[in-house]
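Read through the structure below, which is laid out as structure tokens, and then see the notes.
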Amino acid sequence: MSIDPKNCLFTLEVDRRFPKPLPGQFVQVASSTELTLRRPFSVAGASRPGEIELLVELRGKGTRSFAETHEGATVSILGPMGNTFSEPSTGEIAVLVAGGIGVAGLRYLAQELSEEGRRLIILVGARTREALLLGNLLPSATEDGRIRLEFSTDDGSAGHWGTVCELLDSELEALEADRIASPRLYCCGPPAMIREAAAIASAREIPCEVLLEEIMACGTGACRGCVVMTKHGYRTVCSDGPVFDAAELVFEEAPNA
Amino acid sequence: MSIDPKNCLFTLEVDRRFPKPLPGQFVQVASSTELTLRRPFSVAGASRPGEIELLVELRGKGTRSFAETHEGATVSILGPMGNTFSEPSTGEIAVLVAGGIGVAGLRYLAQELSEEGRRLIILVGARTREALLLGNLLPSATEDGRIRLEFSTDDGSAGHWGTVCELLDSELEALEADRIASPRLYCCGPPAMIREAAAIASAREIPCEVLLEEIMACGTGACRGCVVMTKHGYRTVCSDGPVFDAAELVFEEAPNA
Amino acid sequence: MPDLTTTLGRLRLANPIILASGTVGYGREYASLIDYSTVGAIVTKTITREARAGNAPPRLKETPGGLLNAIGLENVGVDRFLSEKLREAATVPSALIASVAGGSVDEYAELTRAVASREEIDAIELNISCPNVERARRPVWDDPEAVGTIVRAARNATEKTLLLKLSPNTADIVSVAEAGEEAGADALVVANTLTGMRIDVEARKPSLGNATGGLSGRALLPVNLANVWKITGAVSIPIVGSGGIADPDDALEYILAGAAAVQVGTALFADPGAPGRIAAGLADYMQRHDIESIEECTGLARKEKEREWQRTTAG
Amino acid sequence: MPDLTTTLGRLRLANPIILASGTVGYGREYASLIDYSTVGAIVTKTITREARAGNAPPRLKETPGGLLNAIGLENVGVDRFLSEKLREAATVPSALIASVAGGSVDEYAELTRAVASREEIDAIELNISCPNVERARRPVWDDPEAVGTIVRAARNATEKTLLLKLSPNTADIVSVAEAGEEAGADALVVANTLTGMRIDVEARKPSLGNATGGLSGRALLPVNLANVWKITGAVSIPIVGSGGIADPDDALEYILAGAAAVQVGTALFADPGAPGRIAAGLADYMQRHDIESIEECTGLARKEKEREWQRTTAG
């Protein structure tokens, strides 16, 4: 299903042997026999048994040929792979921070937390109003304030005019004042956003988990191709991650810094 | 249009600038962006202005991705390329010998000769009865005997049981006895058939033209990739051919001969 | 059922399909995805004396028909390999080949001795060809004498089967192959990756953190197949073909060119079922052509061409 | 409109896109298909002293992402080239580069003198790298000294721009590049095809009549791009990138790596409009990035990486 020209939501029927995925886990999709590598996508929903959903931004050959797959076609997937997020403890409020297609990495988590009756703040940042269509795929805000959904756009065409991290900062500020519950952050989005969210979490001493992306080959930890630097050396996104404690990550010097 | 599981007839609308092709000429089709080379196909019909027909046997990647092209899609073709057949003179009867998909190379010639009111004998050889479906694409035999259509199959399931060259030999025998007209041969088919037809023509001192196939890159004579050996050295199938006087060709020693 | 067993030195493999170094880790990582009963042997990620952190990411870049990698020989070092990883690797039912790379002749000998001393390890593959760590103008893999010295040192360190993995980044792979045979290698792996790179034009920098990497996958096949073809005539030890093998026909091409076995690497990423598909395809080909043992296939195309050359020269 | 002109030795090209030797014949064959106003220069099929019949067919084999060819330098020989083909070639409005290959140093000098004496010819490309005719163990293209001798002899035979076309089939292309510069080449073409082959498993023989051939097309790009990258740091004469260029970004990768111009060959077969597409894409990139002259792009990625290396070493 196409959401807008840049993004598609896929529903895949899976084999009965396919284990129920955990939020944060991903699958490796073989979208075209012309490609050397599979493409990893977060499980963006698995509410109905025997089905998983993927939310895919069209970027290059792999995602485009996936989008051209016609309904009813069979696609080879491997998974679910990778680790999962920590659960928020009872006193915690989950703050989900998604940048653009980062929504895909957090949607399943949001659905699970919402079903468990947890308190949730979901912050979605995007370039323009159109991208907020992604927000429609997330659990809706509830009237009792248990689930809140806030937006930011780079061009101010919807929600807060600015970055989602600015939004995050002010939300955390408000939470601190309120002293209602301690926040736990879950982030997925472009590298610059991840880095900034991690800095905010670190400054405020808040637990923060991030879902990272790296180009992958094996998806099993075998090839050492998808590493990120951590305080304990390189770790693989596919098998040590894709979810990492932000405090463990070592960010490269920013370019031109 | 699919004729049978192995063969497709395509009708392509062409640009107004596309010149009217001559029988024997071919076009170079870009059937998939994944492929390094275009694929050459004989013009198998061009009776209606602004349209050409291609008759394609599915062999490998190029032909298969061509067959998967959905109706209405735009396909890039170059051409028409290559030379053409000599016209039969007034005293001559045209004998067309097609082996399998070789029908594609002679169909447009058959149509043109038929329209010009020429005398025609068309011999089609195939493996089994099914392949005779290709025969349906040729001009029908006329009651006055001006156009005759004969078949042979390797398994005897239709027409003469044996090779098309056996059929050719007996037709020529009959023509010789009749002394009605001198035959002129036009052949297209697998290498072994071409070789045998050429030998028959040479033994009987009958003019014989053959349409050859070689893997092509440029299609213009520039790359020297598609050569066949002739009495004057290597000649390119794309620009010196694809139609050659059989008497000029030098056939390789048969394998294991 | 046709006979797929094949022999490399003292090592008898149930099946000519070997999984290539660096693409299956220590085998265990792929345990749930690969049917190891269709795999004759696996080669470990190359082991060095000290642990290596490897190169800065990105380490992978897909290219048309291929894959560039610049892992930089990330590995835990020989001690942790023997104390931790070997146990994992030994759970894989296929034969186990340890790949080693040294920084000096002595290190090659030392590493060979260390890994060969363990009974779980059936053979040793000498990696002299990793393009991601070499910096000299004339690399070791291009120097028959240097290669001979390394192989001799390793040969003195073990009686187990010794494979030498060559590099395609050379003008004269045949001389290196001959030097390897002469120095006592039991088999030649032909070959590793080609040096390559891509550039991100918007970022105006190399796509790989290490700038250059090794090109593997289908794009590499024609080059390494030609290398097998050239070497087949020159040496009498078995050759293991490697580079871009994804389908049964790819494996057959290497075997008909002269290989006794093949390695499959990059193809696993798209299809962990590739070894099984290839094994089945080989069996099918042999049945269709009435061939009883895969060993009969080795070099058939090469032998046929040699006969043809003789006919032409004679005629 | 951004400035696409570029300079190789004494030759000023309207456009950095050159059509590669052997893929456009003498230019005329493609006259109705290629818009030569988007082409800076064409290189003729390589010319030898005597006419050459070339190799037995099949001469072409498509491979994943690439093309194998074994034409075998079929050409009419220098005399008929000068008396017949040159007239055709001269009808093409782009600059004309004659590619020559000799069987000896003297032949290179002789051929260079012969073609350079004709005013229709703007530059000479020395082809020392055709993989389809070389038979020696250590080929000329792998031997810096031998290459230097050839280039010196050709240099003495003409003052026109002299391009040297290198081979990627070597472990140390940098030393060959340096020898070429040292001996007086005005520019380096980096590079020719890689040796490769395929086998037809049903016929059990090589797909090419000549068994092995040269691999061109997209599959080759990462390898020749890495070669440009390596050479850029070592020589100061201009580099012409060649291998697998089909899209504007491909050309840009070579240019950002250090090339002053590029050659397009195999891509013409699928799309004779490729030069035009590439020229338009380069202009578009330059406009988007506010670059006035394509010459400013040469080596940008390499220079950036060198700065980074310096930072790392300093820090």
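Order of writing sets the chain letters: A, B, C and D. Residues in each chain are counted from 1.
Methods note: a contact is a pair of C-beta atoms (placed from the backbone, for glycine too) under 8 Å apart; a residue touches a chain by one contact, two chains touch by 3 or more.
Computed from a predicted structure; not experimentally measured.
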Interchain contact steps from chain A to chain B (minimum; 1 if touching): 3
Both-way neighbours, i.e. chains that touch chain C and touch chain B: D
Chain whose mean Cα position lies farthest from chain C: B
CA centroid of chain A to CA centroid of chain D, Å: 47
Centroid distance [mean C-alpha coordinates] between chain D and chain B, Å: 38
Distance from chain D to chain C - Cα centre to Cα centre, in angstrom: 32
Chain C residues counted as touching two or more neighbouring chains: 63, 65-66, 218
Sites on chain A at which at least two other chains make contact: none
Chain-level touch network, classified as line, ring, star, complete or other: line
Set of all touching chain pairs, with the criterion as stated earlier: A-C, B-D, C-D
Chain C contact footprint on chain A (complex, rising order): 30, 33, 35-38, 76, 78, 214-229, 233-234, 239
Touch list for chain C against partner chain A, complex: 22-26, 29-30, 33, 45, 53-54, 56-63, 65-67, 69, 71, 74, 217-218, 266, 268-272
Chain C residues touching chain D - in the complex, by the definition given at the top: 63-66, 68, 137-139, 141-142, 167, 169-172, 174-175, 194-199, 201, 204-206, 211-212, 215, 218-223, 225-226, 229-230, 244, 249, 252-253, 256-257, 285, 300-301, 304-305
